[in-house]
Amino acid sequence: MDELSGYLFVGAVLFVCGVICMTTKRNGIGVLMGVELVLNGANLNFVAFSRFSPLGLDGQVVALFVIVLAAAEAAVALAIALNFYNNHQTIDVDRGNELSG
Amino acid sequence: MAIITWRFEYKEIWRAMSLSPTLLLSVIIFLPALGALILMIFDKKAVETMRGFALAVTAITFVLTLLLLGHFNPSDPGLQPVFEVTGDELKLVQNYEVQDDGSIALSDRVISAAAIQRGVKLEWIPGWNINYQLAYDGISVPLLLLTSFISVLAMLASWSINKLHKGYLILFLLLETGMLGVFLALDFFLFYVFWEVMLLPMYFLIGIWGGPRREYAAIKFFLYTLAGSVLMLIAILMFYFGSANEALGVAATFDLTELANIGQGNVAAITFSETTQIVAFILLFIGFAIKVPTFPFHTWLPDAHVEAPTPISMILAGVLLKMGGYGIIRIAFPLCPVGAAYAAHTLVAIGAISIIYGAFAALAQTDFKRLVAYSSVSHMGYVLLGIGVWKINESTGAAIGRDYWLMGMNGAMFQMLAHGVSSAGMFFMVGVIYDRVHHRDLNQFGGLAGIMPYYSGLAAGIFFAGLGLPGLCGFIGEVFVVLSAWNFSKLLAIIAAGGVILTAGYILWTLQRVYLGPEYKGPHKDELLSNPFNGREASVAVILLIFAVVLGVYPEIMFGLMRESMASLVESLDAGYQNAVDSAMTIKTTLK
Amino acid sequence: MEDLGKQLSTLLMVAWLLPFFGFCIEVFGGYFKWRLTKTAAYIAVGCIGVGFLCSVVAFMQWGNATDWVVFESHEGEHHVSADHDEAAKSHDEHGAKHDEHAKEHEHGEEHADEHGEKAEGAHDSHGGHAKPAVQTAFSGQIYHLARFGELDISIDYYIDSLTLGMFMMVTLIATCIHVFAIGYMSDELTESYEDHFVHTSDGGHFKRPGRFYRFFSYMSLFCFSMLGLVLAGNIFQVFVFWELVGICSFLLIGFYVERKSASTAANKAFIVNRVGDFGFIIGLMILWTSCGTFRFDNYEDHHGHEQPGLFQMVRGNDGHVTQDGDAVVLKDVHGEPLTDASGSTKTIPYMLLVAAGLGVFCGCVGKSAQFPLQTWLPDAMEGPTPVSALVHSATMVAAGVYLAGRFFPMFLPEVLLTIAYVGCVTLFVAATIAVVATDIKRVLAYSTISQLGYMMLGIGVGGWGAGLFHLITHAFFKSLMFLCSGSVIHGCHHEQEMPKMGGLWKKMPVTAFTMLVGVIAIAGLAIPGTSIAFSGYHSKDAIVATALQFVDDNPVHILLFIVPLVTAGITAFYMFRLWFYTFAGQPRDAHVYEGCHESPSVMCGPLLVLAPFAAWCAIGGEHGKLFSILALSEPASTEVVHASHDIHTAAGSFALVAAILGTLTAYLLYGKTIVDPANIKRQFSGLHTFLVEKWRFDELYDVMFVRPSHVVGKWCAGVDKYIFDEFLHGVVRTGIRVSQWDRKFDEGIIDGLVNLVGNVTFSIGRSLHVFQTGNIRQYVMFIAVGVLMLFALLFAFSFAILA
Amino acid sequence: MAGAQLLFLLFALATCASAVMVVVSQNVVRMAFWLIISLGSTSALYFLLHADFVGATQLLVYVGGTLVLLVFGVMLTASGPHVKIKMSPAEGFLAAGVGCLFLAMIFFTVIPVANDWDEVVIRLEAQNDVTDAGGGYNALGEGNTTRPLGLSFLGTRPDKDLNSTSGTLSTGYLLPFEIVSVHLLVVLIGAAYLARAKRRVDAEEA
């Protein structure tokens, strides 16, 4: 196991934790946190590949974009969560099943 | 490293263009369409304003064609230059040159005196090598004048339209754009586009503002014309794909002059084979013959005329039928001289049959307008006859008595113009009376000479023009064509000459039944009395009659315009056929 | 001489164009302003009168410039245009080849010796003796109609003594007739003209505003056209004005547009003329294609080279037609064979030239109402009488003869023979019908046809001068007689039937005696043993003499002499019958007689002017001035025949005897009534009916041409309607049927398939809706599980492949 | 090297452990806390990867910005009885199972990639005309990536082009940078719009 695979394993753990977080948390904020974890896992992979490949800074640039987008996403998602809360008087995402077919 | 940039001095260019027909060509075509666009914002109840506006648009278009005529140089046989500058006149372009050391050298670059641009050419669909290409020469200018002239008169006659004025006027102007475009387009594809552009407004004009059987007539017109268009399209594609030579890196083209050069064997290594030429000629000919129309493709004409409103009949007879003849002269013959020579006998025979057949059919009609429509069939037969009298010495391929063929061609062109004036006039005269009594049964007229003497006098004049009376326009075209025909075929010439008797027969009989006699026998006599021939109608008729007389007494006014172009066309066709015969001989000898 | 040509052409063009301006002014001014005044008439008279003066001035100038060569040469020989001088040079080479030519040559010298005798046959200018270089023919171009390559069509003029003579004749007669018409048409000067021949549906007579101005505008237009025809310098231009006079004739015949008979007669006239013109056009086509020009005379082309005209091409300098096998060699301006660009000699097949001549003659047949196209002229009498006098006797119908004369050099012997026989048949047929006609104008009409037949016969047998001589004299006396008949009709309040007249000479002496002058002239009476006679005698005598000379040379054609001789008698008979019927004897219809009166002076004046001309215009006969003037233009053609003196004397005697016999018969039958003509009528009732029905030509033509053309017309229309249109309808119906099947196919199969897919999808969707829980966490789980399953699949798949 | 490896192990463990704690925690606030730890450790890993600018951004934006936002969210929504929202144990087991499988799947793919990585590097060099100049991409000094990143946002790529063998120029990220900027602006406006109080609607209802 060299250096690269170590980073990749960490990234994988972060990703899976994020996914599980999204599936298990009924709290909307929890779900958001899962998303952040997933993004971080992916970001770690980008930076790691960037470090160990001859492609220069491309990976880091993408990672930066992801960070910025995650920030934006968080802002919007929070706004959505607040609206959800205002409408349902709760943050339990299971209550928001209006789209059930 | 030298980077060369061109800086156009726009003011100068504008001056050169406004002096030259560069813009004029496009303006002539699209001014009516622009007028139609502007008409759309008019209030639909402001009928008189709209009519006045549309009349003004057509009149301005006519004036513009006169301007174009001012630029026209009759002694130049080819396409007319649209943009011509001499070194002394203009400094058009400056030359900036960036030197290696970074300084900029300025030098005046002058377009030399040889900078003559024949026709406007702009890229349109470069992938298919389709260009927006316009040009004019001695063949199109007279027809262009006729078109814009008849349009003004037809617009003057449009006061009798009494429903949906706005739509009518818009369609009318669009129709004019299509017609003018057909006579100016030099790109085959563009030609086809304008050809179709003209078709649709016509369909609606007949189908909405027509008589009781208007839908039938409109659909019949549409079917026939569309069938012709399809055949023409096939021929267009044949030429297009035949004009490419990948080995030489020559791209396919729609340019009519280039195609004509190929067809006449003036381009090395690219030719249309004899079979191609014959097939393409037959396709094109049928396409155009439907429009002319000739026997046996003529049956749409009587129905279309009978049902169409008067001004549309005028346009139909005065201009639309001319497109067929124009197409044959401008496209079918130059592009496939071998096919044309092959079919010349058939052409002349069809022409002669049309003359006689149309006249006989006219003799049997009881509907006034139908009679005039059949007379159109008869008269347009002369056009075909004159075009086709190309007698060829089979061994050398040279024309025998080329001047007679030239005379026939000129006569055919003149006949088109003359028929444009006389038949438009005849339809107008029928329309005037129809507006009053609302019927066209020849057996229920009579005595109009007593009731409306002024009208009857003018009508007699115009009908005499149709009869081919010397001193009026119809005579010159007919008699020149017939005189040229003897050189080609004695029998067909005699048949064609027989038309003069029948023409006299049906026209005089009609005059007798309609205008002469003691009293009017049909219904609505009161309207005849209460609704006299008004000034607007009189002006249309008088203008047409004046033109009929001028053309009849001094035909050189039109022959002078077309002489050189026609002569060079005939010369090049003759040479083209000889080329083909020569190459065929070469092939034969090589085979041996 | 160039100046003279310019002056002459200017003068004649003024004379020619004035009536046209008159027409323009009259037709517009008349319509808008002068409906009820005589202004239009004065303008018309002024125009044509000035035209006459111009013609006379032109003639005087021509005479002065030519030193009145016409009257001197009448002693010696005729001079032709100076062009022919040059022929003398090249003559010898050519002349030697042809025997006939050589003979002619000798002739020429013979006549040169016979100085002081008369001018027959001495037309050739190459007779070996010096002649004054006087140009008597002038030609030139007025303006271009069109030019195609080397082909050139223009409006030209051609002026020679024939043109001048015709101009003076036409303008003089036209002036007289215009003046006469002022009186004759004066009842049109009203707002409510009552036409007694037209009945309205309510039983009354038709009333309309008068159309005085219109009559005169038509007349002016006619004068313009007629003068243009005479002035024409090429055959195409002749054709142009040929048609124009035709349309004027149409307008004038149909002047009473309300009368069905009038408009029908007008149509008939024009269409029958067009039948002739059909032949004319064919002739034009042949000449145009073979010769490449229409001009009579030599001309300068646009390169400035002198090119030969038609006459020069065919006849060369010496009047001979040069044949090369079956073809006629065309000649250039020097009389040498004409070559085209490639150097080969230009020829025209002999039969084609014959056909061309026949074609042009067809036009003459139509215009001059010759057999078999004579039927239109009697019907043309529907027009007002001045029209009949001007158009249908003196000028237009004579245009056919004029053209035959003008075009004489182009006629080969076969054509001339045809012309002679056509004339022969015509003059007999028309004369026989005239014998039984009772309408005064119709008698004159048939007599016109008959006389035109004489002229044609004269030209056909080679009597060029005789034919045209008769043309001029006939114009005077026939117009005089028509005007007299007009005077009678006017006096009798539009009564035209002779059986209702009689004894009118007491009531209208001027008319009766001027008429008598005309009748004597046409009958060809003379004082036996002298040549003191009225004009008709001289001219008819010339024709009969030429015919006898011709028959003498070609005894096969004996009929060409017998028939005109017999007809001369018949002519005298029916003309005197007319006079006796109308003016002599007792009044047969008291009502008509009572109402009858002598015409006003405006009408009698022209009669008195014309009468001397009718009587003495031909004074001197073939030695007289008129004939000499005409003979100066005699074309250079070997076909010209001149009667010898003996034959002349013989023929004159025969003709005179025939005329006297005819006159006596008429006097006995109608003057003295020793035998009641009714008895004879009863005796020969079959023949009589046949003649009254005009040999049944109208019925024949109706069955042969008119009805068939209507039937063919119906067929054509039917073919359009039932074949072409039905075919189209069938195609469209088939198209509709196909599209209906197509629709069924679409609806049943294509749409069915699509619907099936849709339904399946829908039901799958329905069943899948349980997964649409709306729970976000479940969705994430689905995704995760889905990714896993995909991975597992991929894994299994790659394993399967590896395996 | 050993120090770096030690640090890597330390921070990797911290990252993974705290991530697991985020999943396991039932209290939102605690979750937020563990998330901070996890993200912070990740940034440390970035520093270990010589991606100093990314690491700094991670700290600033995520830890400093995003998480504060999340905590705000928690505070704004955490009223009432629903602070703890429990899931069913079955769900927990299911999630754990799926998670394990997922992890296994990723590991399964990571291992071959990492094993063949040297070949991949060679291939990439061949494809991109760049040679790895020994100590990685950064010829301007280990760990100082701010300047080349900034330049890449402005459209030039010194990091690549200086190692390029063929002299062709690489593309930068000017356009994506601009797009992201605009995107951020839009997001901010959108968020503000979504989150604003609906007074007017209330007023109308009242």
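Each chain carries a letter (A, B, C and D) given by its place in the written order, and its residues are counted from 1.
In the analysis below, contacts are C-beta pairs under 8 Å (C-beta built on N, C-alpha and C of every residue); 3 or more make two chains touch, one makes a residue touch a chain.
Keep in mind that this is a model prediction, so the values were computed, not measured.
K.L.:
Identify the chain whose mean C-alpha position lies nearest to the mean of all protein C-alpha atoms shown.
P.N.:
B
K.L.:
List the centre-to-centre spacing of chain B and chain C in whole Å, with centres computed as mean CA coordinates.
P.N.:
Centres of chain B and chain C (C-alpha means) sit 36 Å apart.
K.L.:
What is the distance in Å between the mean C-alpha positions of chain A and chain C?
P.N.:
Each chain's C-alpha centroid was found; their separation is 109 Å.
K.L.:
With chain centres taken as the means of their Cα atoms, state the distance from chain C to chain D in Å.
P.N.:
110
K.L.:
Quick check: how many Å separate the C-alpha centres of chain A and chain D?
P.N.:
Result: the chain centres lie 8 Å from each other.
K.L.:
Touching two or more other chains, which residues of chain D qualify?
P.N.:
Where chain D meets two or more other chains at a single residue, that happens at 95, 98, 102.
K.L.:
If I count partner chains per residue in chain A, which residues reach a count of at least 2?
P.N.:
Within chain A, the residues that touch at least two other chains are 19, 23-26.
K.L.:
Mark out which residues of chain C touch at least two other chains, giving numbers and ranges.
P.N.:
781, 784
K.L.:
Would you identify the shape of the chain contact graph, picking one of line, ring, star, complete or other?
P.N.:
Per interface graph, the chains form some other shape.
K.L.:
Would you mind writing out the residues of chain D in touch with chain C in their complex?
P.N.:
That would be residues 94-95, 98, 101-102, 105 of chain D.
K.L.:
List the residues on chain C that touch chain A in their complex, please.
P.N.:
Touch residues, chain C against chain A: 769-778, 780-781, 784.
K.L.:
Chain D touches which residues of chain A in the complex?
P.N.:
1-10, 12-21, 23-30, 32-34, 36-37, 40, 43-44, 47-48, 50-57, 60-61, 63-65, 67-76, 78-83, 85-86, 89-92
K.L.:
Considering the complex alone, what residue numbers of chain C touch chain B?
P.N.:
Answer in residue numbers: 27, 31, 143-151, 153, 198-201, 206, 208, 239-241, 243-244, 247, 250, 254, 257-260, 263-264, 266-267, 270-271, 274-275, 277-278, 281-282, 284-286, 288-289, 292, 709-710, 712-718, 720, 724-725, 728, 732.
K.L.:
What residues of chain A sit close enough to touch chain C in their complex?
P.N.:
19, 22-26, 31, 93-94, 96-101
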